Every structure is written in C-alpha cells, then in structure tokens.
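Report on the following structure.
Each chain carries a letter (A, B, C and D) given by its place in the written order, and its residues are counted from 1.
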Amino acid sequence: MTISVDFTQPLTNDYVKEETFFQSLPLLEIKNLSISSLGENKKEDIKLVKNINFTIKSGEMLGIVGESGSGKSLTACALVGLLPKSLKVTEGQIKLHGRELLNLSEKEMRRLRGNEIAYIFQNYQGSFTPFIKIGNQLIEALRSHRKISKLDAKKKVLIWLERVKLPANQVFTSYPYQLSGGQLQRAALAAALMFQPFLIVADEPTTALDVLTSENILDLLVELQKEYNCAVLLISHNLNHVLKRTDSIAVMYGGQIVERGLTNEIRKNPIHPYTKLLLQARPVLSRVVPEKLVVIPGEPGLVAEQGCAFALRCPKSFKKCSILPKMQSVGDSQWVACHAADLEADYTNASS
Amino acid sequence: MRFVYAFFIKTYLTVMKMKNWPPTALLGLILLITIVLITAIGPLLIPNDPYMANMAERLSSPSLTYPFGTDHMGRCIFSRIVIGSQATLGITVLVITTVILIGIPIGLVSGYIGGRVDSIVMRLADGLIALPEFILAIAIAGFLGPSLTNLMISVVLVKWISYTRVVRGIVLSEREKEYVLAARVGGCTTWRIITRHLLPQIISPVLVLATLDVGKIILIISSLSYLGLGAQPPAPEWGAMLSDGRPYFQTFPELMIYPGMAIFIVVLSCNLIGEGLRDKLGEKSI
Amino acid sequence: MLQVEKVSKSYRSTSVLTEVTFQMEQGESLGLIGESGSGKSTMAKLIVGLEHLDGGQITLNGLDFQQLRGAELRKARRHVQVVFQDPWASLNPKLPVWKSIIEPLENYPDVVPSFLKGVRNDKRKMAEILLEKVGLDRDFLERYPHQLSGGQRQRVGIARGIGLQPNLLICDEPTSSLDVSIQAQILNLLKELKKEFNMSYLFISHDMASVQYMCDRIAVFKQGVLVDLFLSKDLFSDTRHPYTKMLVQATVER
Amino acid sequence: MLSLVRKRLLQLVIVVFILSIFTFGLMKLAPGDPVMSILNADEMMVTEANQANLRSDLGFDQPVYVQYGKWMHGLLKLDLGTSYMSGKPVWNEMMERLPITLQLTTGVLLVMFSISLPLGIISARYPRKWPDQISRILALIGASIPSFWLGLMLIYLFALKLQILPSNGMGSFAQMILPTFTLGFSLAAVYSRLIRAGLIECFSKDYIQAGRARGVKEWRILWVHAFRAALLPVITVFGLSMGSLLGGAVVIEILFSWPGLGSMAVDAIFNRDYPVIQGYVLLTGVFVVVVNLLVDLSYYLIDPRIKQGKEGSN
C-alpha cells in the first residue's frame, strides 16, 4: 500500500509544547553530577564522572570533547537514564526545564525518552532491531508516545523520512541491513526528530561513517536543529566536527570538565593545557605542513586520582596540581579548571 | 607426537594459570579427585570380592560385612560399585582422549587449509550429524553386537565430529584476524601458524567441551549398558548393575539407588568443573 | 622499487580494484586515501601477497610475487612488512610482547638488519632494541597484549614491522582506532623511523590531514579506481580531481 | 528461500545415501549369521538344505553391490525388507509403532517448553538472583542425572510407594505423566539455560538500548525485540537436540514398556533383526534432517538477514 503524502500541510507537532514559558530558564541544567561504578558488594567503587556542571539553552548546540575514558558517553547515558546496571549516579542533579530527572520513575523516564530527549547512537547498525522493517520500528516509537492510528503514524513517518532526505517509501519497507550506514543514521535522525524533542543527544553520531557522509549527516543535523529550534548535545572525539558546528564546547578529561565556553573563544584562545595540546596535536590540513606534530605525553588512561585529572600528563604541572582546581571564569563566556591558568590570566586577558 | 605433546602441555598451563575458581567448580574438582583416588586404590578398599556370588546371603540389607547390602546373586554392592568405577572412568578417559586426538588435527587442517579436505570432512559431518549420538551408538552396538569395545568404538565415531566442527569454526574465524595475517606477512610457515597461533586459541573451548562431554559420555555408556548393549554381566559396570537389578527393584530398591547415585555424582562433578571452566575461560558459545 | 601495473581485483563479480597503476621509489612515502570500500586495503593485501590478483602485475625489487611459490615467496616477502589498523586484533593475545616482536626475525634467521648486528642470536636483546626504537622500555618485554593500551600495542606492532628492516612498510590506517592524543605520537614515531631507516611507506588512511602530514605523494581512490595521483604540495591546486577537492573541503577547517 | 530448500533437499539425499551405505555396510560387517537366527527363531530342525534355501530367498548368495542395488531399489518404494522375527514388512511395522513414539515425544516437548520457557525468561530478567540460581541448580541436576535412573526413582516413589500413578503401560493421561516428565525434565533443564543465555545476550545488544532510548515500552522490548532474536539459538539447539529427544525416547520406552520405535529397535538388536535396525536408523536420520530443514526455514522467518546468506554458513 502506498500513501500519498501531502507536503503542503504544515509539519506541526500534535502537542503544542509550552516553549515560551520555559524560555528564560536553561533547557538542561547539570549540576555537580558524579557517576560511579558499583563493585561486587554494591559499594561505591570508582568514580568515573566527577562533579561536572553545564547547561544547554534551547536551540544551542553544545559539544562535549574528550578521549576514551573521559566520561563523555556516560554523562549522555545518565541524561536519558540508560546507564548500565553496574553504574550509578551518586550525586548531583539533572534538570530539564527545572524538573529533576533523577527522581523520575522508570515509567516517567520512558515517556520522556524519545519524546523530550532523543538519543542518536554511534553504532548505526545498532540503532534498529535487525529483523524488523525500519518503517514499523518508527511507527512503534510514535505509538509508544502518542495515541495515533497506524495509518496516521505511517503518514507521519513517511513525512519525516522525506525530511531527512531519504527515499521515504523505499526506506519504510526496508530492513536495516538493506541500508547503508549513512542511510541508517539518517533514519535514526528521523526517529529522533519525529517528536520534535527539546534535546537531541548525539553520541559520536558519525564516528563509524566515512568522511563525506559524516559531513552530510552533521550538516543535516544542524539544518534541522535550526528549523525546529531544539538543543543538541554533540559528543565526539573529533575536534574538527565539534569546532565547525557547535556554539559552545565542554572539554572533558578523566571524568572532569577541564574547560568550557563558547566555541569561538576556545578555538581562538584555549587556556587549559589539555585543550591547547588537543588543538595542536592533531594533523590539520594546511599549506604549511609542520615537520613534527605537538605531542601530548602519556596515554588517555593516565588519570590522576587526586587533584587535576590531567596533572600526570601535563607539561605545566606543578605542586599545586595535586589539589583539585576550581572552575573559574575567564572572560565573559569561558570557564577553566586549571591552576596554571591563574598564572597566565594576565596574558590571556591582554591577548583577547 | 610434537603436536600431542604441545597440546597437553598448553592445556595444563591454561588450567594452572587460572585463579579464583568459583566455589561450585572447586566442589566438583574435589569430588572428582576423591572419586579418582578411590578408583585408583579401589582394590585395597573393598571388603569383598566383587565377583563372588553367595546365594545364601542374596538381597541382604546393609551390614558391616556388606556396607550397601548384596545383590540378587549375593555379591557385595559396595565392592562392585568401587570396582565398577574403574570400568566407567577408564573407558571415558580413553574415549575422550581418542576423540580429542582425532577431532582437533582434522579440524585444524580442515579449517586452515580448506579446499577438498574441508568439503569431504564437512559432508561427512553433515551425514553423521543427522544421526543422534545415542541412536548411532545403538545402531553400531546393534550391528556389531553388544560389547564394551563396540560401545567405545561407537562413542568415538559419534563424538569426534563435534570437536572437528568446533575447532574448524574457531580456525575459520581466527585465520582472518589481523594477528594471523601479521604472522603470514612475518614469514611464518603454515605449520608454525597452526601450532603457534591457532592451537592456543582452541585449547580453552576444547577443554570446556571435553569436560562437559565426559559427563555426557558416562551417561551414554551407562544408558547403553542399562539397555544391555554395553558392558556384559558379570562385569561390575554401573549401568549394567542397574540393568541387573531391575527385576528386584520393587522389593529391594537399594540395588538401583547406589549405582545410580554413583553415576549421578561423577557426572555432576564433571559438569560442575565444566561450568566453572566455561565461565572462567569465557567460552559462552558451548 | 614497487611497480603496480593495471591491477584488478574482484570478489564474487563485484569489482574492488580496476586497472590501478602506480610506482614507488625507495625512501618515498605514498599515501592511499579513500572511503571505506574504495579498495585501498585490498591494494595492501595484494602487495604483500595475502590475496591473489585477477589481472595486472605487481613487482617489488623486480620480483613478481604472483609468480613465486612456497619458500621463494617467503624469501621475497621479507622486504615488505605491514602495520595493521587494529592494534587490538593484530597481536596474538596469548603471546608476550617480545615473542610477537621477534617472530619475523625468527622466521628469517639469515636476515641481519644493521641495528641488530652483534645481537642477532640473543632474542631478548633484539626485542629490547626494537622496543627502544618505538619508545617503549624493557619493562614491556614480558607483558601480554591485554596489559597494554591501544597506543602501546600499536608501537609493538610497529616494532614487529621494522624488525626485518624492510624496504617497504605498509601502514594500513595505523591511527584510525586510536585516541587523538595518541595519533600524533604514532605519526611522529613513524616519520622518525622512516628517516632513520630510509624505508618507503605506503600509508593508507581516510584522513586527508594525516596523509598530507606523512606523505610525499597522495593517491586518491574512489570505488576501486585511482582517480587522482599528485605531490602532496599540490594538494590545494586547482587542477585537482573534483573528488579530491570534496575530500579536502570536508577536512579543512572553516 | 527456494535455493535454501533446494540445498537442504540435496543434503537430505546425501544424508540418506551416506546412511544407507553406513547401515548396509555395518550389516555386512556384522558378526553372526542372520540366516541362523531366523531359523532358530522358527524352532525347527536346522538342515543344510533349508539354510541354503533361505540364503537364496534373502539374496545373500549374490555379490554385495547387487544386494545393495536391490535394497536401494526397494528403499525408493518404501520397501525396507521384511523383519526376520515377525515376518512383516519393516515399513508397516514401523508405521504401527510411530504414533506411540510421536505421542511420547510430543508430550516430552510440551513438558519441556512449559518448564523451560518461564524458567529461562525469569532467570534472564533477574540474573544471579534466586530464581536464576534455582534454575541453574536444576539445570545442573538435569544434565547430570541419568534419565533412566530418574525414571526408576520416580516409578519407585509415585507408583510403588505412593501408588498414585501407574508405573507402566500407555493410553491414559495418568500413564503419560511419568514418562514425559522423566525425559522432559532433563531436556528442560538444559533449555532453560539456553533461553536465558540467548535473552541475556540480546539484552546487551545496542538495538535494545536504542529502542529504550526511543521510549518503547518495556514489554515490547522483551517480546518484540529481544525474544525474537533469542529464539534463534534456542531453535538451533532444538534442531540439534532432536537427537537427544529420540535417543532418550528409546530408554523411556523400554523403562515404561511403551511399544514404540525405540523398544522395537532394542528388541531387534537382541534378535539380530537387521532389516528392522536398518529401517529404524534410516527413519530417524531422515526425521532429524527434516526437522533441521524446518529449523533452517524458521530462521529465515525470524531473521530476514539470513535471506542474504550473511549468516548462512555453518
């Protein structure tokens, strides 16, 4: 059965979300969040995410940058309440529109997932159940949140597949294995945007994809984000993607946020030694090729247990670094947690 | 021979390197070691001649002379069970060793070299897999006549193929991995790749499979003996003892309970160890 | 040194490489760039003889690998070694590091690289020297792969690759599965080693920036066809193939 | 789909061929003289003359390949020869006994699934909690206990001591209980662990997490997304363990005096009634291959990827 889709109809959501009311508040507020793994005896074992803070406003794209083990994906999982059973949020608050998410029951959390916060996974093959057609999975998701007839659901799904620039009718009746990585990730994007959520969490959405496909998918994400004014939390280890597209950035190392602020500020004027080194250490296309790349000594797994997490690898570390540095503002829209930054404060202010 | 030697040494090392055994597996290990010890020194332990019939004292209840009582021919049940473990365990060890020594090399060659050898082995496997192990054993025992030797032949014939399949499967997936490619690029000969790189990968799955199979083999042997197709009377094999006692079962259930318990405990201890090994070595697929 | 002429390869009627031709000189490094499925990794496997050609010819130092068999092929193969993409899969998990490193040297007992003169019979000493070359100390000799981090494993893989002092080292996406801060370490290491041993590199990657950093010349593959081959310094030239321009556009920062 | 069926039918032919050579070869290798056993069974005076007569009646005086050819020819017409003992065609005899064995195996399957499904699902939902531990202990016992011994103990308890269930015979529902439970329990023990393992593996898959992230209800995650994938390994083992089922049925039929195919085979072995053994082995082989063919086809229904042959190997 084919359904003719009337594209002249406006694509309004069934619910009118009371956006104007929330405008003044930040959309998402994370305060002092810590995540620990639970050992065999259910006691707190290792702190994997340590007292992090950040906020996202409606329509903002925030990038979280960090290497493996920095805790960026865990933070994202905690947002939607999908932490593995062996991990637990031990302190802190996650507030969406001022509503505390950590206190919600599993049922309330389920209603919220997909509908208010959508999640896009890194592993595009894992986004859809392999033996169910894409269309049916999207309809299933729609009907989990809305009382809607199958036919209407199908119409809506087709519209959204069209919106993410896929051949809608064909994709609708395809099994996941019949689509390419890029197509699957577009379909996942459709699944995420269908409810016009307040926030999309994109966890390394293009890491497994080719260079050109990644660019296209991220461009599409930005385009749709602008159109529907939702917030995006883009998690990536690819600095290039994050620098190109986000409004602001949080840099994580060893479970801590070491620096955050507006993307432009951080690109022009990184203050934390880790941020600086990250920006310099990767090969960058340019007309002048350096003879040698700047190197960050050591491995990402090297995390100091006390004080600044980066201290063991930091070329500038000194005695004070064994005490945890406080997050302090540098300029109007940049915060950094580094003792060395104090020393350089005068210099940075002068240069910016 | 080098191959056999390497395999057993490496298996031994794999087991020795394991730490933190789960308590259930330890229990199984202790049980099995006890049983093996009893089997080894069995002739010194037994109070009576297991073959000596004494019709005057047939079907007597447990006493000091006959700890588990006597059977329908007045033979000491306890002595027969102790001596019977030699038959059961001996046959099982012999069978499983033969099966491993046949199954692994064929699996390695068939998986790594492939080609015609592989397709012949696999067609044969397809044919054999259609026949349930137990039915095939029955068929062979049926055609060749009921005896312990034929029983062993049939179990070997039935079992080797599953080892070949497991080994071949592992080899097929491992040989595409980068470390094997790296070994090829580094100039390793086929023989060296098989012995040095592939053999260690198959040790833990084979070890798990074999421990779990020991239990299954004991069950097959005792079931066939119970049907009268294995050990023949008056041999004190546990399954055969059960078969012997069947007519007196209503009045004298001890005849059945003790040999059955013996089988159950041996198989249970093997399964406990096998499960422990499987969890420890992470071979979830078996 | 390496001549690739009109090489074609297909798997089950899908063509992976179509009439690819290029040459490499001793000491030169050539980058192969392309998206997944463009045939660049197949090219590497063909050069070391892990796969068979469907058509064309590959010669290394004048020897045609496809014509050689058995012992002769093994003998010829020692001039080309590979550093693999996935440091987690490229080391045998059951062997300690030093055994993995010296395995090629064990297989070719008559090869004596300049930096191993005098210790050729001492396996541990050789492993130690090789580890030192890749910036790891002797503490790593007895470790097993699972006790190493990704970057350390890749260093071990490189140590194994340079052990025979090959003419050509093929690096198949050596940094693509590593963290950002490790990538620079590995790229620098490879660049230093190249200078030290005057090796040629065939550097396979999907990241234009790494290739530009590492290579003298760049070959762009698209769906099994070599669409563009140029000197690295001409990367931004207007005469580049449109596909190359797209890749550059995607990689460059705004 | 069609090519799969064709491939499997071809395999069926190969298997039957291998089996026929196998059974025929074994029969020729078999010690003892069937002629003598037939004549002995008739309790007549055995003379040289009637031995020779019978020998040529049975075609034993001809070369082996001719005998095989004739036998194969008969096989295609479902003529499996005549039983030495009863004198009836083997095919007819087997068809008489087949319903009995089918009745037993169906009962066993019912018991097996009604125990193992709930047990497997519960222990997968609460791994390492008490229901899981209980099912683990049950599985260990089930895998370690000889089924004939379990049967004997059950008979002793329920038929002899408590006298609430009949100890043998067939026909009534009460007579079904002990045999089906004896075999069903051992199999269920193994299955519940398989179902648990399959489900737990599925729960760890990314697409389950993705479904949850889209806000799909938990019961749908379990029944629509996880369970279907968990079925694959279960069905595979179901196909493979058709064997243990049929093998177990032999013992159970003897134990509870059910005149099924299994007890027919065992009787035949003791009487050296080779055509019957042959027929039994062939029939079981074909049955197992057919069941596995159905298993393969059900894969295709469960997981469309297999159509592409991506997991078609093995």
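The definition used in the following text is that a contact is a pair of C-beta atoms (placed from the backbone, for glycine too) under 8 Å apart; a residue touches a chain by one contact, two chains touch by 3 or more.
None of the values given here were measured: they were computed from a predicted structure.
Counting C-beta pairs in contact across B-C and across B-D gives the higher total for B-D. Spacing of subunit B relative to subunit C, judged by their CA centroids, is 48 angstrom. If each chain is reduced to the centroid of its CA atoms, subunit B and subunit D end up 22 Å from each other.
The mean-CA centres of subunit A and subunit B are about 54 angstrom from one another, to the nearest whole unit.
In terms of their C-alpha centroids, the spacing between subunit A and subunit D amounts to 54 Å.
Because contacts link each chain to exactly two others and close back on themselves, their graph is best described as a ring. Chains that are in contact with each other form these pairs: A-C, A-D, B-C, B-D.
Subunit A makes touch with subunit D in their complex at residues 80, 82, 106, 110-115, 118-119, 121, 123, 125-132, 137, 140-141, 144-145, 175, 177, 188, 191.
In the complex of the two chains, the subunit B residues touching subunit C come out as 177-179, 181-189, 192, 196-197, 200-201. For subunit C in complex with subunit A, the residues that touch the partner chain are 35-36, 149-152, 179-185, 187-188, 191, 206-210, 212-213, 232, 235-236, 246-248, 250-254.
Across the complex, subunit D is touched by residues 123-124, 126-136, 138-146, 169, 215, 219, 222-223, 226-229, 239, 242, 249-250, 253, 256-257, 260, 263-264, 267-268, 270-272, 275, 284 of subunit B. Within the complex, the subunit D residues that touch subunit A are 205-218, 220, 224-225, 228-229, 302-305, 308, 310.
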